[in-house]
Amino acid sequence: MSTVAPLDNPEADPRVKAVFDDIRATRKTDFINNMWRYLAFDAALLEQTWAEVKRIMATPSALDPLTKELVYITASIINGCSYCVHSHTAAATAKGMTREQHAELLSIVALAAKTNQLATALQVPVDPVFDKG
Amino acid sequence: MSTVAPLDNPEADPRVKAVFDDIRATRKTDFINNMWRYLAFDAALLEQTWAEVKRIMATPSALDPLTKELVYITASIINGCSYCVHSHTAAATAKGMTREQHAELLSIVALAAKTNQLATALQVPVDPVFDKG
Amino acid sequence: MSTVAPLDNPEADPRVKAVFDDIRATRKTDFINNMWRYLAFDAALLEQTWAEVKRIMATPSALDPLTKELVYITASIINGCSYCVHSHTAAATAKGMTREQHAELLSIVALAAKTNQLATALQVPVDPVFDKG
Amino acid sequence: MSTVAPLDNPEADPRVKAVFDDIRATRKTDFINNMWRYLAFDAALLEQTWAEVKRIMATPSALDPLTKELVYITASIINGCSYCVHSHTAAATAKGMTREQHAELLSIVALAAKTNQLATALQVPVDPVFDKG
Amino acid sequence: MSTVAPLDNPEADPRVKAVFDDIRATRKTDFINNMWRYLAFDAALLEQTWAEVKRIMATPSALDPLTKELVYITASIINGCSYCVHSHTAAATAKGMTREQHAELLSIVALAAKTNQLATALQVPVDPVFDKG
Amino acid sequence: MSTVAPLDNPEADPRVKAVFDDIRATRKTDFINNMWRYLAFDAALLEQTWAEVKRIMATPSALDPLTKELVYITASIINGCSYCVHSHTAAATAKGMTREQHAELLSIVALAAKTNQLATALQVPVDPVFDKG
């Protein structure tokens, strides 16, 4: 069930092929997951989205690759994106997330959901010391 | 503006005092932030919430303390909790989060928001390889 | 801070006056809270919204008035509406919500947030016995 | 489709067996629903989650059992947890929720969604009378 | 998978039949989509929901029909309603949404998700010039 | 109240100055709203965010400028971003949104919130005709 029809042969479009080739080269795999196959319904949207994912997630930076995936899983859970929870849990596992780390991540997400709701329910005023400007 | 009145002297209640004392001892500070002062409207709720925060966030575990805070900030942003975004950004800074890491965290949260929405908009089917059972 | 300007004399508009009069009569008070004063920027929107609130919340029905307000507070917390958390916590208090009930309500909301996130994180399959058709 | 593999024989782990036994005893049924089977991927997470559910939902308290389930359904709908909407609608039905109460609950949730969004859209200022401190 | 059983012959109830007839007449089609078939579990809820949908979405007004559907798709994506994303994407397509407009709509939704999260993460203060009262 | 300190003289950084100059030129105004002043805490994040906003919102495309802003307001309301609701309501007004259009937009957002919640509550199955692949 999806809202756009995936293309029969998306790589017939050279812009799509260029992105798919870059995904394969960057990830060192032949596998192109459905997110990209469906985004290919619009070549510009595919190009822009991949460029941003590559720049942020596949480039060495101030946070290590596993931490980035833990943040991505967290966002995907709370944003309620079933596809993304699946794909980023798989990605984190591929990057070394252990069962203990997975369970602990879920504990933190669950705890944050709880305290976030409590603070909203009580409308707790922000302590002045937390204000940066 | 809040939905419950904070107590004038919350530590007159020995259950509240015991929690506040444990917060001070665990965090090695005299500062009790508003979240705990407002939760003190119900001693049981205060005790249970602090016990869980202490167990998950203040005990050595499979994830390092800064990573835990990055996950907590992420959850707080997406859950839309203004108080929690403030308090956990401050906590992460206290645990060593640099400006570069902060900006990168926000980039990932923003990217995830974007791809989460795109996957939901397209209703992308989950790749069978991501299914664990 | 708001996105529309409240009218100086909203009851100069007979449609607004009729709604405000009905609010006062239904609630047996002269107080018109800000929600209605701001909705008055568009008389039709005001009329439709009040008619629905009155029909659902101020008419005897299958759920008692306090239970209805507990559900409304729950929704307001999770939808992240600061105004609504304030107004419906006040309304529930006016309808007899005790401090114990308030704290217990928050415990359930916090627990649900936690288990909702866990189920989403694990993508737990729905048990066939829960399916009604 | 799920992100962790359910264990073939979860009760081979005595910690899991103890929780499952307590669920069966508390609920007076042999049925263990999938939420617990999947949480069993981590015994500690299972134990902590069940302990909290039992304490809050299965212990006599200031709110009656059906009201608690109505609040839980409300949270599950708004948090967008398909599994939880199914399981708690079933639980509420088992605790006596009538079709009329179900429809009325949905009316309130729908109305709250509407007025919550309107208050956010207009950024209605909180009336001073609603502020408790 | 659903939480209520659809009726075998919903139009045996004259209130349901009247709504279904009006849907067919308004939309000039014999097709009644599942949303209405499931809402028929409660005739009053069905009547009220359809009356509001018809008034807002099927009556000439200040916004053109396609713009209304674009707004509806946007809401459905962000509210995480899979059914609604499907039905309103189909409705927009029936009203003339092109592939380019669909892709652009998704770009805006994705961009808004990103900047909304950034503003929340930074807790950017509202500029006084944006305040209307 | 914010989580980062705005820079005293952000345009001392030539990368920030270049973005601010482009904002002024693109929008034909000297006014730089707070969103950009706070994003300036990280020049790269500022550059990337502005580039995307400019490309999507300030370039002629398949959707007209007012429709784009209506979509942006909708997203901002549902994502619960107070800052963004203010800034995009102001932007839409500047682009010609009338009071009638504003009220109608809010009616659609409120209606969608309602029907989105109802579909989630009932877990209505997607009609096969809505599936595109």
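A, B, C, D, E and F label the chains in the order they appear, each numbered from 1.
The rule we apply is simple: contacts are C-beta pairs under 8 Å (C-beta built on N, C-alpha and C of every residue); 3 or more make two chains touch, one makes a residue touch a chain.
Fair warning: this is a prediction, and the values are worked out from it, not measured in the lab.
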| item | value |
| --- | --- |
| Any chain that touches chain E and chain A | B, C, D, F |
| Label of the chain whose CA centroid is most distant from the centroid of chain E | B |
| Residue-number overlap at the chain E/chain F interface, same or different (half cut) | same |
| Length of the line joining the C-alpha centres of chain B and chain E, rounded to whole Å | 34 |
| Gap in Å, rounded to a whole number, between the CA centres of chain D and chain C | 21 |
| Distance from the mean Cα position of chain D to that of chain A, given in whole angstrom | 27 |
| Residues of chain D whose C-beta touches two or more other chains | 1-4, 41, 45, 49, 78-80, 82, 85-86, 89-90, 100, 106-107, 109-111, 113-118, 120-123, 126, 130-131 |
| Contact graph of the chains (line, ring, star, complete, other) | complete |
| Residues of chain C touching chain E in the complex | 1-6, 126, 130-133 |
| Residues of chain B touching chain E in the complex | 73, 77-78, 80, 82, 85-86, 89, 106, 109-111, 113-118, 120-123 |
| Complex interface listing, chain D residues touching chain E | 80, 82, 85-86, 89-90, 99-100, 102-103, 106-107, 110 |
| Partner chain F, residues of chain C touching it in the complex | 1, 3-4, 41-42, 44-45, 48-49, 79-80 |
| Parts of chain E lying in touch with chain F, wherever the complex brings them together | 1-4, 31, 33-35, 38-39, 41, 45, 49, 52-53, 56-57, 61-63, 67-68, 70-72, 74-76, 78-84, 86-87, 89-90, 98, 100-101, 104-105, 107-109, 111-127, 129-131 |
